[in-house]
Amino acid sequence: MQLGIIGLGRMGGNIARRLQRHGHETVVYDHNPEAVQDLAKDGSTGASDLAGVVASLTKPRAVWVMLPAGDPTEQTVAALADLLEAGDTIIDGGNSFYKDDIRRAMGLAKKGIDYIDVGTSGGVWGLERGYCMMIGGTAQAFDRLEPLFDALAPGYGSIPRTPNRKVADDRSERGYLYTGPAGSGHFVKMVHNGIEYGMMQAYAEGFDILKMKASPHLPEEQRFDLNLADVAEVWRRGSVISSWLLDLTASALAEDQELARYTGAVSDSGEGRWTIQAAIEEAVPTPVLASALFARFRSRQEHTYGDRMLSAMRYGFGGHVEVPQ
Amino acid sequence: MQLGIIGLGRMGGNIARRLQRHGHETVVYDHNPEAVQDLAKDGSTGASDLAGVVASLTKPRAVWVMLPAGDPTEQTVAALADLLEAGDTIIDGGNSFYKDDIRRAMGLAKKGIDYIDVGTSGGVWGLERGYCMMIGGTAQAFDRLEPLFDALAPGYGSIPRTPNRKVADDRSERGYLYTGPAGSGHFVKMVHNGIEYGMMQAYAEGFDILKMKASPHLPEEQRFDLNLADVAEVWRRGSVISSWLLDLTASALAEDQELARYTGAVSDSGEGRWTIQAAIEEAVPTPVLASALFARFRSRQEHTYGDRMLSAMRYGFGGHVEVPQ
Amino acid sequence: MQLGIIGLGRMGGNIARRLQRHGHETVVYDHNPEAVQDLAKDGSTGASDLAGVVASLTKPRAVWVMLPAGDPTEQTVAALADLLEAGDTIIDGGNSFYKDDIRRAMGLAKKGIDYIDVGTSGGVWGLERGYCMMIGGTAQAFDRLEPLFDALAPGYGSIPRTPNRKVADDRSERGYLYTGPAGSGHFVKMVHNGIEYGMMQAYAEGFDILKMKASPHLPEEQRFDLNLADVAEVWRRGSVISSWLLDLTASALAEDQELARYTGAVSDSGEGRWTIQAAIEEAVPTPVLASALFARFRSRQEHTYGDRMLSAMRYGFGGHVEVPQ
Amino acid sequence: MQLGIIGLGRMGGNIARRLQRHGHETVVYDHNPEAVQDLAKDGSTGASDLAGVVASLTKPRAVWVMLPAGDPTEQTVAALADLLEAGDTIIDGGNSFYKDDIRRAMGLAKKGIDYIDVGTSGGVWGLERGYCMMIGGTAQAFDRLEPLFDALAPGYGSIPRTPNRKVADDRSERGYLYTGPAGSGHFVKMVHNGIEYGMMQAYAEGFDILKMKASPHLPEEQRFDLNLADVAEVWRRGSVISSWLLDLTASALAEDQELARYTGAVSDSGEGRWTIQAAIEEAVPTPVLASALFARFRSRQEHTYGDRMLSAMRYGFGGHVEVPQ
């Protein structure tokens, strides 16, 4: 099949490459001409602007936008809406807020343009392992484009089949899922990232406890000086908490147990925040997911204003003076 | 009445002073002779060691230990146990762990010595405002020593009476309470401090949100540059969140809205930690009290090992590089 | 001064009464005619619709809307915008979302109508104690209407002055504060309520720990059967955690320590939720405020779907079967 | 090698079976004679009491205790200490508190008996997949008994090797690890379980958000009715949050998306609680791990006393009456 791809960063570029490897034809554009040239070497057709991408495709056309959420995606979708026609499809494969998808899909539907939102997990590993995709939008567009998703997905791989599955539809077992109307793909991906934050923080806290067990502040007979690289490694085999995140942790610890190349100022992105907003809208208690988000906020400040206020109160009622750290 | 007092720090010294002002007689000791001399000027009888305190008291004797929890209190109680006799009373007015009280009381009971544990709130303000006291231990000792507690307590003051109170016993309305067997006084005080942590953190987080509403990271039309001293002040009058802690906050903000004299490295003491341990033993969910404790732990570190691990995982799955703060 | 008041519920009705008592003139309307008649007995001028309110006022007119946030307020503000003219003022005294204020104020400014948002704390006690008010909007409208705010506010009362205050402006000391542009009043009130949730949950958790200390699941020598009404009472005097919320708690416990008339299904309103959203927008960590909100969500469910999933996982890896409670 | 095994429950029985399958010789005892007979059919030598186990073993003897933590383990270790001699080894393979290990090891060392604590993960799957083991205690005893651990562990299996590992010691890659002095094995296992709670809760919260997205309380155009079995399945392939816990979740959801066979009253065990205690001792902030524990506490109550107190306060300040759920 043919697919236009806008945005050739880490994700977009590899999506093009994986599709080419599976025999699909991609027409690509990026505001950086070098990125376009690189892809052209790998077999894609390069274009010099959005109109060029659209012009190179046969109807019904499909264009995959792989840009940062917010303005870049919004503007590109709007521009494509003007270039495309009824029967064509715009795919947002980035990390858009699902309410933006709902809004965009409604606008595009008036022009007869289908809208597909794809939550894409896989990061830098997707080219090799395949991408896990959660796909919302018009059912007819999903059906038409399914060969592309099939090619991008990991497939069954060597992962054991889940017992008890009775369903005929095996697409989720091959790594992609049609989740329903526009927005639902990004919604599921958003929650995926919320869970990811929670799991990461669970490991981080646990390893912190292990690390600090060697602290000179503890009584000497209560201290353990543990080899954390080995702990992560042993948990990879037969333990209840084995996971891909643990595999990555084991690899990082194998390189350097101190993780000294990292400062610990941890970024967060929209999905982690929107997950908590969605939970609040639904009145679902999510203490773990929220705590994980807050830990990232906190990691980027040396001290908060609130911390200083605590010290001020302690001074106020007890005359307590801060102890230098 | 007569009372021996061991430990003449901020709390012990003022307790002696307040008792003297109310016509009681105090015999005081501190390892720092200057502290003893200071109190002697205010009317107390100074002693040069524990034995001297005991020797200056008439049976049945009562000695109030006002020392840091842990070893200092433990050793002093043990030493007093050797100097005192059946019928005498040891009072621990510090911040001991309540299980230590239970253990000590059992040991002293074998010798016929009464044990009283007093959780004392009031900080540097107690001399003037009186101390709020939660008192566990032998009922007979409490009865005997009640005039002392009565003198130390704030009394009715100008605080409005609580509607609905039907009980004959008005001691809690005068600021002291017999809470039951040994350990119960410190247990109630421990929970008091746990609540204190939670309340303080609630204010701290709220003011942090107000403060950061002026942040240049927000869209300009969404920013407010609020006068936090005035906000704290207005909340003192008629709002649901008026409190003594808010009064102190208002005072600190009136002095300097930036709270620049504080770094924000916030200490915590035993009670906050033991509160969470007690909650866990009782299987009581305490997310707010635990979060408040953790915020203090976090305030004393620039970055945690766990933070670095989050960055390492993010690099592992997405190639994300930390953004300089 | 003259003021139109729309909405005569618990808050609106008492605001009218308090203004009348202070010599101001109120023109009132409610969709419930009985509420209007009640106020008329207390000296207000009743009106039979919005137009009637507007018609009874002299220019420049001011109308205070005291309705539930969301549609009722939105529609009433819109209707008033059509009835009023340049130079008039609309006051939203309810609990609107501050971003709605910003939007409304921009719209009304085009017509020359001033907009004031008042965050009002005081609940059922305001008539007697006065209302604590945080006031955003056009400075000129605030100046013009200040006598009304002055009358509604508690005034200095018997509350001790805050040490260190150097500022000439004593309005916050009298219980009302001009916080800045439209939305800032409701924003400060929103954070006030967020803090309120946190403080309430801090007390709730602490008393839960005290209550469960009598649990038969604990070893007998570790149990305390505490009189919680007395504990709340004693903390009212001289303790660090004394507050108005504690006063209310003491009153509820004095009536019934078991609090048996309450089931414990706790509502939450917009402000608590918006506070967390604001924190997330600002990247401010607010674990205590979020935990307090989540505890309310949780209180309204017997079991969550997530709880069942935990049990399913435990069965999956360990064959663990749920223990009947 | 020879090994005595005390306690033939789910774990102990399968440990014996796995060792027998690998050519080791086991002498087994359980207070339930049927359990002993079952194992005897699988090749173990049955014994009728502890002394019988000890008598059947050749020196230096090793006895593996696989009993519930607390009294059962404590008493059995004490009894074995009397039956065994210098040079023998007691292995505690259960879930003991690590401070109990430290204490026991010190006591046994005086008699020349080695003590080994094994944190064992693998649950009902261990017989087939092998057990992941974290092993503390005397180095000489670990060395002597290593063939047993090697047989019980999963081995390399089909799990990809961790990049960057430079170390010669590959035991952790085969699924068992010598962690250091007595107590360290159980300490690492304890933290493992703490992490497990956090991860489980992360998934539970995330799926709860997905589930409630179909709630009729949301605006209709914002609702998604998601197939959660398919969501879990698709996340197993190529997503960042793939894990063994997710595999189990996918299996449970494949059977019944409603998880209707579970009520959602979730047990917790010592490790989850001790993990938080350890974090508090070390001053490590662990909001996620603590929140996960508290969620389990909360799951076993319909309403808390604290919830009722919140309602009482709301009634007190605002006249709010609880809304029936």
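Per-chain numbering from 1; labels A, B, C and D assigned in written order.
The rule is short, and it goes like this: a contact is a pair of C-beta atoms (placed from the backbone, for glycine too) under 8 Å apart; a residue touches a chain by one contact, two chains touch by 3 or more.
Per UniProt, the chains are A, B, C, D = 6-phosphogluconate dehydrogenase.
The model shown is predicted, which means the values in this text are computed figures rather than measured ones.
Undergrad: Give me the fewest steps it takes to get from chain B to chain D if each step has to go to a chain it touches.
TA: Steps on the shortest route: 1.
Undergrad: Any idea if chain A and chain C meet via the same residues, over half in common, or different ones?
TA: Counting which numbers both chains contribute, over half are shared, so the two copies meet through the same residues.
Undergrad: Name the chain whose C-alpha centroid is farthest from the C-alpha centroid of chain D.
TA: Farthest from chain D by mean C-alpha position: C.
Undergrad: Could you please state the distance in Å, as a whole number, between where the Cα atoms of chain B are centred and where those of chain C are centred?
TA: A distance of 31 Å separates the two centres.
Undergrad: Could you put a whole-Å number on the gap between the CA centroids of chain A and chain C?
TA: It comes to 38 Å between the two C-alpha centres.
Undergrad: Taking the mean of the C-alpha atoms as each chain's centre, how many Å separate chain A from chain B?
TA: Centre separation, chain A to chain B: 47 Å.
Undergrad: Please list all residues of chain D that touch 2 or more other chains.
TA: 123, 125, 201, 203, 205, 208, 212, 240, 244-245, 251, 283-287, 291, 294-295, 298, 300, 304, 306, 317
Undergrad: Show which residues of chain B lie in contact with chain A when the two form their complex.
TA: The touching residues are 10, 123-125, 200-201, 203-205, 207-208, 211-212, 244-245, 248-249, 251-253, 259, 262-267, 287, 291, 295-296, 298-320, 322-325.
Undergrad: List the residues on chain D that touch chain A in their complex, please.
TA: It comes out as residues 99, 102, 121-123, 125-126, 129-134, 153-155, 157-160, 162-167, 169, 171-177, 179-181, 183-184, 187-188, 191-199, 201-203, 205-206, 208-210, 212-213, 215, 217-218, 221-222, 224-227, 229-231, 233-247, 250-251, 254-255, 275, 278-279, 281-289, 291-292, 294-295.
Undergrad: Which residues of chain D touch chain B in their complex?
TA: 240, 268, 273, 276-277, 280, 283-287, 290-291, 293-295, 297-298, 300, 304, 306, 317
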